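Some structures are shown below for you to check.
Two complexes, one shared chain (subunit A), two partners (subunit B, subunit C).
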Partner chain A sequence: MSSLCLSRLQQERKNWRKDHPFGFSAKPVKDEKGGLNLQVWQARIPGKKGTQWEGGVYPVVLEFPQEYPTRPPKCKFDQGFYHPNVYPSGTVCLSLLNESQDWRPAITVRQIVLGIQALLDEPNIHSPAQTTAYNHYKSHPDAYKRMVAEQVKKYADY
Partner chain B sequence: MSSTQRGLRTLLGENAVKRIRTSKVLLVGAGGIGCELIKELVVAGFGEIHLVDLDTIDLSNLNRQFLFSQQHIKKPKALVARDVAKEFNPNVNIVAYQDNIMDAKFSVKWFESFDLVFNALDNAQARQHVNKMCVATNTPLFDCGTAGFLGQCQVIIPGKTECYDCREHPAPKSFAVCTIRSTPSLPIHSIVWAKSFLFSLLFGPPAAESQFDETETDDNREELEKLRKEQNELGDLRENLTSPDFMNKLVHKIFMEDIKRLLSMDAMWENRRAPVPLEVPEYSSKDGQTLASQDQRVWTTAESLSVLADSVERLVSRLEAEKEISFDKDDEDTLDFVAAASNLRSSIFGLGLKSKFAVKEIAGNIIPAIATTNAIVSGLGVIEAMKYLAGLDADLRSVNIWRSADRVFTSEKPAAPNPECLVSGVARTTMTAPADFTINQLIEDILKLKLGYSEVSILSDRLLADPDYDDNLEKTLQELSLHDKFVTVIDDDDERVNLEIYITEGPVNIEQVEIPLRPNQSEADSELLDPADSIPPISSKRTAQDAGLPGTTSSAPGQTFVDLTEQDDAIDLT
Partner chain C sequence: MDPAELSQVEVLINTIYSTGQHPDAVKIAQRELLKYQRGPNGWDLGQALLETSDANAQFLGASTFLIKIHDQTAALPDQIKHLLLQWLQSAVQTPFKPFVTRKIMGAIITLFFRQHAEWPDFLGDMAKVLSSNFSQVLVLSQMLMEDYTRLQQSIHSLRSALHKMVPQVGTWIEHSLAQNDTTLKLQALDTFLPWASAFNHDLAPLLTVVIDGLNTDDFDLFDKTAAILTDLYPVHYKAWTRDVKARLLAALEKYTSHSDEDYLIPLGRLVLVVSSEDATTRPKLMDYILSRLTENPENILDDELANDVLEFWNVFVEDIISGGMSGEYNATIYKVIGIYWQRLQLFEMSDSSWELFSSFRRDFCDFLELTYSLLGLGLFDQLVSSIVQELQTRDHAKLNWKEIEISLCCLNGLADIIGVDGKEFETVQAVFSSTLWVDLQYCKNLRVRQTAVNVIGCYDAFFESEAGRTYLSPTLTYLFSSLTEVSLQNIASRSIQKLCSSCREVLVPEYGQFLSAYIAIHSRLQPTAHQRIVMSVGYIIQAIEDLPTQADAINEILVLLEARLSQIEKVEDDLAHLRCLSGLGKALREPTDALILHAQVEAARNYWPNEPKELRKRLLCIVRQFINRPEPDLCEALCEIIKSGLSEQVETPFSFGADATISFAIDKNQLGPAVCRPSVVDLATFLITSQASAKTLNTTTAFASLSLVSGDAHDSSLRLMTEVVNKIPLAFVEYSRAAELVDFAVKSLGFSDRFVLSAASKFWMRFASTSETAPALEQFGQQLVDAIARQISGDANRSDVDYHADIVKKLMARAPMPTAIWLQHSLVDAPVSERLASQTEKSRKDFVKQLILLRGGRQTTQVIVKFWLHCRGLPEY
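And now, the complex of A and B:
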């Protein structure tokens, strides 16, 4: 791993340890050699208060490439996560995480998880990633509401 | 004494020639630049040369790596280069290693034994590794690199000049999953899709088991079923690879159904050109092989389908013996598949079509290598090394080669080290400790008691301990295999610069070290510790994508540092 990538991730870890938004968690995962692998983080993102996503805490895996922070991390919900901007594989489609759009090397882990939290209730219909949630969101708001509520329940005591 | 050496004596003096003759140098890389460098080092009379390269010789190397010829194909580069170069000057002692320079056996002690080092590498990771070892051992490094007409020789004198990592090097551009999967806007997006998504899903390592759980209620069963289907359809295709109807299924699914599904998400196409599902003309896999050899012209849709059908037949017949196949630009079956599939996708999205030859260049991330540039850069590297050995430190220059009518060469005095550099701007020391020495002892007895730290994080290639992570405190250096490696100590209060400790086995002892305070501490902090929860705008606009070829470098003098890294192929597009 490049020293820049490693040291920046260590800095992110330190900043997160000392201060992070309420209700969120984010931590590098254990690796088999005994230690924490700074390139893969497990985060848990709560649904925002006052939105239909409130009450659920959604696990997201952040995978940082060797070229981080020049390149953004890849962020994944569980497979089959229901949301218009999440691929069936769980990968999040978000301009903040797109090198050709809004990604900048200065963006922090804190900003990423807050960005994903905001995306939950404010999907971007111009970049859909799955037909199921997209069609509901656009044409069948009742079904959309019901599906989101189911998912909140599923992740309620996660 | 050869005429070259007589010339050197006239130019640099007897002493310098003697130093050249008695010097011990390391050359990392025996490729395009390495071959040129070793030839020049040998002819100039450098006494002892150690040459490291992991690769074997490939046919495609022969047009520029002049030490190699037909009979050497598949043999190790380092060993052949040694044998051939030795013929130029039998008095030189050349030691060759077919090895990865990042291997632990090339220890700090080993690096320390050299008078100077040449980098002739094409990947950033190895270059950074050698740079770090040179800075840690105070060994001068001459880093040579080229990209087509561009070239550079950077002079690195540890402690006095910038190191390779003191400036940022641009990484090759990557593409977002959404661009590749849903909204391609350049031919390269189709090529990446064909290579990294479609090809690897069909022929690559099998995907992990689907992780859908079974907790769904009757209410959402149908929807989840749909979502699961969307996820699994390609897996289903893979199951059907050997069915006689496979090609029809593939074309129907990939170039028609999937495109219709994308079209059904109509908001996506409000500000973009919508794709048009493929209308499938008559085609036959029988023509595939002939068409595939016509690699300089763009194929029609029917021709691409023929090549696709034929390459699928070839690939499927290999699967029995090979289990899985990975893309390789020099593997015709895989290249034909990617060339045909990418062009079909490009025609659906109204993007430019490419010949197979052009696809090979893009998919293989080929940066044209020019033998002349390699030769010039190597010559520059050896000249700078000679200046160094002659004691002409004030005359050392880092030199760039540009493709420019005004000025081909620009040179600059190497700048001072960047105090914020993670290689040059850290404190270093060595320590000895026995195998059963624990991380807790390291923190308490050494770092806190002896060096006066309060809280620390300990890092190797992974995080070993910090104030909120104590799993490893009772583990020993041996258990964590930390001997003969650097560990990084980070001051949790951000006051001191990082400390790198090289640990070897022995009785507990640490070398005295002064750990400077961090430069412009407050500035550095404010950038990362953004107190506001400011989220950059989540916009839906697509910015101009001027990606071009991966790995291309800027050619304006002074604008950016030439950097030559290989594009990382290991992208996962699921």
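And now, the complex of A and C:
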């Protein structure tokens, strides 16, 4: 890992521990030797209160490339996660995480997870990533609501 | 100033400030006023307003000066400076309201920023105007630095000018701090912060004076001093020389004995920030932080410093780890954990407090994980002992469930760190072999039971181990008993599913008990939990070697679901029960890592079609029963049931075969509605894939599948066509409606829907890569290239150009000669669109030439994008 990437991720971790949005968690995963792998973080993003996503806590993996923060991390829900802007592989399609769009090196882990939380209830119809959720959202809102409700139950904290 | 104009302005000011005005009216008045302020008479207006006796008008007068100074790009007349200085003098002497005085100061500072090169003794002038009124001088100095830091761009000469003022400002601050006037001291501290932040090195000597200010009985002064030092400590390292630091640490050690409650927060913050760097060398401060943890009477949710204190201990442990000081501080860390263990025990709280509480607990568990690398197995020992001892020493009616719960919660938090060797399992075993799971049935506290259920799920790897298998059955029995509580169903069913999936062989002897438990509870299960429990029992049934016994067990579940599905129920209920069936079908699949024997495959193939319970027939009957239903979710669930057994090497009752699948797909496609078609076409694609991998795919199945292609399922249809071309290309060419399908795929390139385009692009890339389709490509190539030419010459969206470029690359690589001719025709000889025709012939020819030369190489996309931009009139983009 480059020193820039390492120092930035250490700082991100420190900042996160000091002040992170309520109900969220994010921490580096353990590597094979039991140490920390700072380039891969496991986060838990709660559905925003007052939205149909409320009640679920959604696991997301943040994979930071060697070139971070010049290049953005890849953020992945579980495979098959139901959302118009999540690819079937689970990868989140969000302009904030796109190097050629809104990504800037100053964007923090906190902003990323908050951005993903906002995306849950405010999908970007112009940038769909999976057909099922996109078609439901566009043409069958009842089915969309039902599927989201089921997913909330699946990811309910308790 | 024209009196009429002035009176109009006064009316506007009145509208802005008088109470009860409509917000729109205020906005309009503000807009109008701004026009006057920015107008040619602005300077006069500012002067006139300052001359009034109304403070609001005076404020707007000063603000008018500020706006004019900002707006005027030409040199400002000297008269403005004198005027403003006169007004400041009057404001201090009269005196004006403080907000008016500050606005005048703001205008003067802005003027100074503009004219700093011609105003060398700014501070001297100001001191004269303010008659050495220290309080006002300090306010101005504070505003001066704050306004400077707000400037959008750094001006070197201005910074130099300000730098020269540091000694003077420092003297004023020092002098003010030495006075016996609290208000003046507070103002001096407010002034110190922005100046110290900008020129910390120069103001380092003043730090000692500020630190000495901690020695006060006045809380406001102490609070502000501590807050300033907290802000300055972590960032301005240059100013913190060894001596200054020592002075601060000594002062803090003295103050840690402060007994006044009010002092705890500001002092605590400062101690934490200072100690983060020097924790191990300052035992007194560490003791203080420990005492903050223990002596704090509030519950942790009301503790303002809780997060800071936990962060301190995180940094502390990290420093010890990175400093290689293992062992030395273990006692302290155990003490810290012990304190949190006490403070994080359950207490009566609202749901919203619970969220906050559990969030803090998660943070604590992260800390616990961190300490594991120092404390090792001992940490598990402590937690497990606390549970076991409690269980051993008390009767279940008197158990301290809160203590047990917090230990379980900590074990949950540590579950992630267990390594592949699973050495922690030996310790954890004591919990799973204890009477806990029996005693829990007497526990009334739901949160305790939730935590306990969660522990089982977190330690599923333990039950897969040799040591854990002994406890699998009683643990699962406990989990099944938890299902009676609706609020525990979600987490309990998740744990049951994990354990049954990974330990299915071990559980086979007890499958009857699990089946009975499911039958007893099934009507009370929520949909998600129901599906998980059916799958769990299904996993165990799958591991039963004797097929008739398997059939009996499946039959018992099927009977229940048949009964529920035969009733007229809500869509949600039907959907839930159909999903239970597809879940059962998935659970009956061989695990991916299983070794499959030929005899086993043969036995299943012979048994299931003719078994006496007729499971397969009954399952198909259910599928047929719902075929008329219009809801897309139900159709998808039916397709999932069929898919669940379709790709299995070892047949199951859900392996309906190609004929039944195609028959269902064709019937459902005809019955509709259109919204169901994508699921049906996807089912056909799945069939093609699974038949191909089983080497049983034939043209009949392929033809039948292709008959499902429809514009109602556009991208699904293109994926199906791609799969057919991929797996059995000749079938595609020989299909009677092949020309129609190719036309469909060509037209798809004109769609703006990203999924359709992506699927069409993949289809054409596959089509161009297969030698069997070469004659067809020859036939339809020009039509295809015409469609692409239209898009890459400007019709496509920018983000979609790549899809078309990918096809061009593939065509150029696989069939360069004909593709060159097609491109020449579409782009040069007979341009396919008006936009294309409006480009010069040379540019079109050059483009084709470049594509030919690149022969499908990487740069093709760039060249195509450039041409697209050119056609859109954006060559410089």
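Just so it is clear, the second predicted complex is superposed on the first by the 157 of 158 C-alpha atoms of A that agree within 3 Å, B and C clash if a C-alpha of one lies under 4 Å from a C-alpha of the other, contacts with A are read in each partner's own complex, and residues count from 1 in each chain.
Here is the rule we use: a residue touches a chain if its C-beta (ideal position, glycine included) is under 8 Å from a C-beta of that chain, and two chains touch if they have at least 3 such contacts.
Keep in mind it's a predicted model, so treat the numbers as computed, not measured.
Upon superposition of the two complexes on subunit A, a steric clash is found between subunit B and subunit C.
If you count the residues of subunit A touched by subunit B and by subunit C, you find the higher number for B.
In the superposition on chain A, A:154 contacts both subunit B and subunit C.
After overlaying the two complexes on the shared chain, residue contacts for A:128 are found with subunit B and with subunit C alike.
By the touch criterion defined above, A:25 lies against subunit C but remains apart from subunit B after alignment on the C-alpha atoms of chain A. Looking at the shared chain after the overlay, A:111 reaches subunit B, while subunit C stays out of its contact range.
Legend: residue contacts after superposition of the two complexes on their common chain; A:139 is shown touching subunit C, with no touch to subunit B.
Applying the stated contact rule after C-alpha superposition, one finds that A:74 touches subunit B and leaves subunit C untouched.
In the superposition on chain A, A:98 makes contact with subunit B only, while subunit C stays out of contact range. The clash between subunit C and subunit B in the superposition falls on 747-755, which is one of the stretches 603-611, 747-755 or 837-845.
The contact surfaces that subunit B and subunit C form on subunit A in the two complexes overlap at residues 14, 17, 30, 34-35, 128, 131, 134-135, 143, 146-147, 150, 154.
Taken together, the subunit A residues at the contact with subunit B in this complex read 1-4, 6-7, 10-15, 17, 21, 28, 30-31, 33-38, 65-67, 70-71, 74, 78-80, 82, 87-89, 91, 93-102, 104, 106-108, 110-111, 114-115, 118-119, 122, 124-132, 134-136, 138, 143, 146-147, 150, 154. If you check the complex, the residues on subunit C that touch subunit A are 307-308, 310-311, 314-315, 355-356, 358-359, 362-363, 366, 373, 416-417, 419, 450, 454, 487-488, 490-491, 526-528, 572, 631-633, 675, 678, 715-716, 754-755. Contact residues of subunit A toward subunit C in the complex are 14, 17-19, 22-23, 25, 27, 30, 34-35, 128, 131, 134-135, 139-140, 143, 146-147, 150, 153-154, 156-158.
Considering their complex, residues 124-125, 128, 132, 165, 168, 170-171, 173-179, 181-183, 210-212, 215-217, 219-220, 223-224, 226-228, 230-231, 261, 264-265, 267-268, 270-271, 422-423, 457, 459-464, 466-469, 471-472, 475, 479-481, 488, 490, 492, 498, 527-530, 533-543, 545, 547, 568, 572, 574 of subunit B touch subunit A.
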